[in-house]
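What follows are several structures.
Two complexes come next, and they have one chain in common, chain A, joined by chain B in the first and chain C in the second.
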Partner chain A sequence: MTTSTLTTTQRIEKEPPAWTRMLDLSDRALAVLLLAPAAILLSLIIVYPVARLAYTSFFSLSLTSGLPAEFVGLENYKLMIDDPIFWETTWNTVLITLITVPGALVVGMALALLANLPFRTQWPVRLSLLIPWALPLSFAGLIFAWFFHSEYGVVNDVLNRFGIPGVIWFNSPNLAFAAICLTIIWKTSSFMALIILAGLQTIPRSLYEAADVDGAGRLRQFFEITLPLLKPAIVVALIFRTITALQTFDIPYMMTGGGPGTSTSTLAMYIHQNTVSFLDLGYGSALAVVMFLLSMCVTVVYLRIIRTKG
Partner chain B sequence: MKKTMITGLLLSASMLALSAPAFAEELKVYISSQHQPQVWRQVLDKYEAANPGTKVTIETGGNTSEAQAQYLNTIMSAKDSSLDVLILDVIRPAQFAAAGWTSPFEGKDMSVYLPAYAEANTVDGKVVALPAFADSMFLYYRKDLLEKYGIQPPKTWDELKAAVKKINGGENNADLQGLSFQGKAIEGAVCTFLLPYWSQGKSLVQNGKLTFDKDAAVKSLKLWKSFVDEGVSKKNIAEVATDDTRKEFQAGNVVFAVNWSYAWAQSQGKDSAVVGKVGVTRLPAMTGGDQATCLGGWEWGVSAYSKNQDAAKKLVQFLSSPESSKFMAINGSLLPTYASLYQDADVVKAAPWFADAKQVVETAKPRPVTPRYNEVSETIRTTVNAVLAGVMTPEDGATQIESRLKRILR
Partner chain C sequence: MASVSLRKLEKSYGSLKIVKGIDLEIQDGEFVVFVGPSGCGKSTTLRMVAGLESISGGEIRIGERVVNKLAPRERDIAMVFQDYALYPHKTVRENMGFSLKVRGVSMKDAEGRINEAADMLGIGHLLDRRPGQLSGGQRQRVAMGRAIVRRPQVFLFDEPLSNLDAKLRGQVRTEIKRLHQQIGTTIIYVTHDQVEAMTLADRIVILRGGDIEQVGTPDEVYNQPQSVFVGGFVGSPAMNFARARVEGDALSFANGDRLPLAKLARGRQGAMDGRDLIVGIRPEHFVTVADPAMTLTAKVQVVEPLGSDTLVHFLIGSDMLTARLPPDMRPEPGAVLHLGLDPSKVHLFDAATERAIH
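Showing the complex of A and B:
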């Protein structure tokens, strides 16, 4: 910076081109200038929609009423408190998060360790890791809806072959819930595995060699070397996975449509239903604000964890 | 440099002009994929032949009424002008009118149609859409099996149960289901609930006010659950949607089925195992009650955001004409919206039971008319689904429907 300021001063006597005057800016002004495009873009695509959402949540705005939007303050939030489906879908969402995030972490970790083994040809393992990740969520939901279908599904067929009578998966809230969680874990553990695998490859082999010399067993090596060094990768994977788990929509939507009844419906599905089917944009926005706050809380907690460990 | 740029611009401009449609008018019609777009295509071909310079394309999507509604809700709330003509379920005009999504047909004489459809398409004195086809739910049955056991088509649900037990006892075929109906949480499940409810002489909504009769609701839900519990219907009935019922029946695996008129054409088609063995009659009643059925049918609306208002309205007039109604009755087994067509020789030749169907359509009951119908529907269908899956008792189901409907129609 100093050198460039110097050159500019020298050049002023020779009528410098206009653009070089930019280099005269102070560090702070330059920083603002350089950050501006990103900041403007972010406010357009993130800050504005979120602010607009929060704003709409204070209005009674339903396209089926034929009435113009009316400011109602916290009315939509009050409605939510008495709404049993809001509580049911929120609880389902939390439960899906609590089951599938650790589930995907454990399975993903196992897959990553497997993929990290010194196979001679590694691409088949890595490719099979990528496929579930690359599959669109709604396809995965449809495929598994067929797997678990009581009459045509492969799951009941396999059970029958082992002499276990098949069950009607989507007739029972618990079984339907289990089927959904299994599908989500299958779909998302490969994402966990990919991030963890990247983390694994940054751990120097020499550490394990040293541990071998010191006589540490495999298990000890895992807990003393692998796990602590993987922590940053795991936290990043967990943040992404938890936030997408809180937004779970596609898989239960395709598999059960929230049924039987509303027992497997999630908060995201309820938001979609209120806005897209019922056209109640006010209430739908209020629900979406709650989901946004929920995601924010989780992110803050994780960021705290990183900071204290970092 | 500048010269090449200008030449380039001129070139691309002329190319654009060349690729511009040679038609004066291009219209896009939205038809849900369950509504035989390939048969409607033939009607559109006739229109194109009679109106040179007009090109009509079909966009399909959404094989259930709800999926279709979700799609149109997104398109219309975005004020998207890409669709000119829309097919709408008979339950939607009130919502579309409230949202101002269709252009009214001013001065249209609706008395030419069956009264139920004149009424369904008129909201606050404005004609919101024109009828595409009429419909109601019927009882499909296996004529051959009923004759074999000397059984008359049942007049009550109890008679139907007895008939199934007799046939099952004789046939001893584990794959033969007694009764197929819609238990999945789809629009059809709303009618599932309402059929026995109405049969007890009760109404759900009158003049926008809830007139819920809990006793009748419990009896309705109990009736359907008893079909599952007594083995008349299969255990996974909560997974069954309208088209599943059609497929099961067509494959010869069902004695009785509750379905709309469209199932007839395919049951007599080349993929059917029951050609010539199918009877269609009125739906049974609750013992001591009246036979009641659900009014169906779909309508043609012109999008308020269409840029070709006049051309789109002209097309809808044609699609809703006696000529098109007759063509669709013969080729798509869709019930006509004109009274006289039910006696038409060509129509009766294609679907003999249409001769008796007019009276059924005329007495069919409409589902509640309200702009918030989607919420009413969601409440009823998810509850029916939960009761049939055994998650909820019929009593709790009725309580849930009552409390949620009160909240919606307050």
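Showing the complex of A and C:
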């Protein structure tokens, strides 16, 4: 006992190495030092690009004109207000969000409930959930472009078998829009399902047993137990899905290229067109700033909902 | 209130039999405790009564109804779960009133029943809180309240105290007993804690490996254990067991001690000659002054003073025994004691079957 006490005392009194004395910092300074690498990294990859984007949006900067960048203040934003394609693509984006986010939530919820059933072999169900999620967006777009092909597509083939004449999906703005929305719902509902499935698995089985004893049927259990307890998972899934829906690009780009006309073009596609095709970085940046603000608004709304619920 | 009857009740998972044909009659208003070690089938049996597990064979009756195929909600039972299973997003009031709402009980009637149960359990001030804002003991009471408002025919308790600390467990145990005295409903209660079983039960059902080992009042299972398992399971510290052989008119122990068989066997010695026995003696049944013919020689190994009494551990052959002695007795390790026995409190078991010899 005595020996061990002495050893401890000696250890305490031992001088720290010289290099640590050189770094004899206050708690606050140490905290700043430890946080600095992450803060610098975040600044470089997030804060700087966003700030640079906002900065560029105040300039007339078209690489095709060969003219130097010229500060034009809010001119790009004024242009936007009078630009019918901006309004059309923004409306398309909002509409895609309003249709596909609830659509994916409902389908995702159904898939999650299905995957949560006590199957003897779970992995095929889980794998079938993962496949659409793991598939690249552009690839999903290509697959569904083929599915909806007027001559060789599976969809028209099925319709024909039921005696319904096939349609030229991508010739009609409404049908093309519907095809895109269905594809997005198929592609994204698995992500929703995975998050909801994770939420479902945190609900203790005993709650359902208690509800069984209390006399609640399956439907009542879903509305009184499952749904309220899934709220946090659903809100998280909605935040992610809504933000990515506002940035929809790949699927309509691969399926219709925005056509017919610009009827299925989204804001992200319009930004891409202005910056990459037309090399108009000033206007493209202003459009991107608007999309960024739109995403931020949605995030703030959802976060407020979470806080209120909390 | 209703009686509960289990007839040849079985539960199997594939080829694995968990419950092996239980027969039990539980009287109307009786408090029956299922007790046994982990895996003995006690919780499975309770869950079969609740309807949360299907039954593989046999019959369950609640009152006059066979309930084998009925859903839990149709059995008119209420259950208190080990983890309480309170709905975390509902207030205490909503938790307690959920079953009434589901069954279409009027708001006024439901409110009356909730308040009555809350008063009974002293949780009236907690009605607007959520389970997350309650302590373990309070949650326990809410879980009981949820069961009480239903006014079921049978209450089922599945290890309801196992998540509470020792002090709280004692308090809530008393409350459960008081509650039963107050409402008088039939209760089936599952626990692995023999103290809970002894203090609460009108009758104890001791289960082992899916079979009933013994059914009896707390006094019966304590004083007349039917097997080595029951003797060892009931009582704290556990009953001592020492191997011995019947040699002529004496019971001979491994350390050379011999006890007169005539006093121990109480007329059964004729059937015992030459048999190997297990002698069961409760620690509290050793006495320091006794008939010199009825003593065991104990070479003290370890002494544990508890304040109220002293536990003395000693060896007889290779069997370690414990004696609960008066607090002023503090023998040194290595000392030799002559511990007396009251022959009426010595239990004899067959060494091969481990069943009591009557």
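As a convention for this text, the second predicted complex is superposed on the first by the 288 of 310 C-alpha atoms of A that agree within 3 Å, B and C clash if a C-alpha of one lies under 4 Å from a C-alpha of the other, contacts with A are read in each partner's own complex, and residues count from 1 in each chain.
One rule holds in what follows: a residue touches a chain if its C-beta (ideal position, glycine included) is under 8 Å from a C-beta of that chain, and two chains touch if they have at least 3 such contacts.
This one's a predicted model, so the numbers in the text were calculated from it and none came from an experiment.
Contact with chain B, but none with chain C, is seen for A:273 once the two complexes are overlaid on the shared chain.
Contact with chain C, but none with chain B, is seen for A:207 once the two complexes are overlaid on the shared chain.
With both structures placed on the common chain, the touch criterion links A:150 to chain B but leaves chain C unconnected. Of the two partner chains, neither chain B nor chain C is touched by A:126. After overlaying the two complexes on the shared chain, residue contacts for A:225 are found with chain C alone; chain B is out of touch. Of the two partner chains placed around the shared chain by superposition, chain B is the only one that A:66 touches, whereas chain C remains out of contact. Once chain A of one complex is fitted onto chain A of the other, the partner contacts of A:171 are limited to chain B, with no touch recorded for chain C.
Of the two partner chains, chain B is the only one touched by A:263; chain C is not.
Of the two partner chains placed by the overlay, only chain C lies in contact with A:216; chain B stays clear of it.
Taking chain B and chain C in turn and counting the residues of chain A each one touches, the greater count comes from B. Across the superposed pair, chain B and chain C touch chain A at no common residue.
Listed in rising order, the residues of chain C touching chain A in the complex are 50-52, 71-73, 77-79, 81-83, 85-89, 98-99, 102-103, 146, 150. Across the complex, chain A meets chain C through its residues 204, 206-207, 209-216, 220, 224-225, 228-229.
Residues of chain A touching chain B in their complex: 63-66, 149-151, 168, 170-173, 257-263, 273, 276-279.
By the touch criterion given at the top, residues 66, 69-70, 73-74, 77, 95, 98-100, 184-185, 235-236, 238-239, 371-372, 374-375, 378, 382-383, 385-386, 388-392 of chain B touch chain A in their complex.
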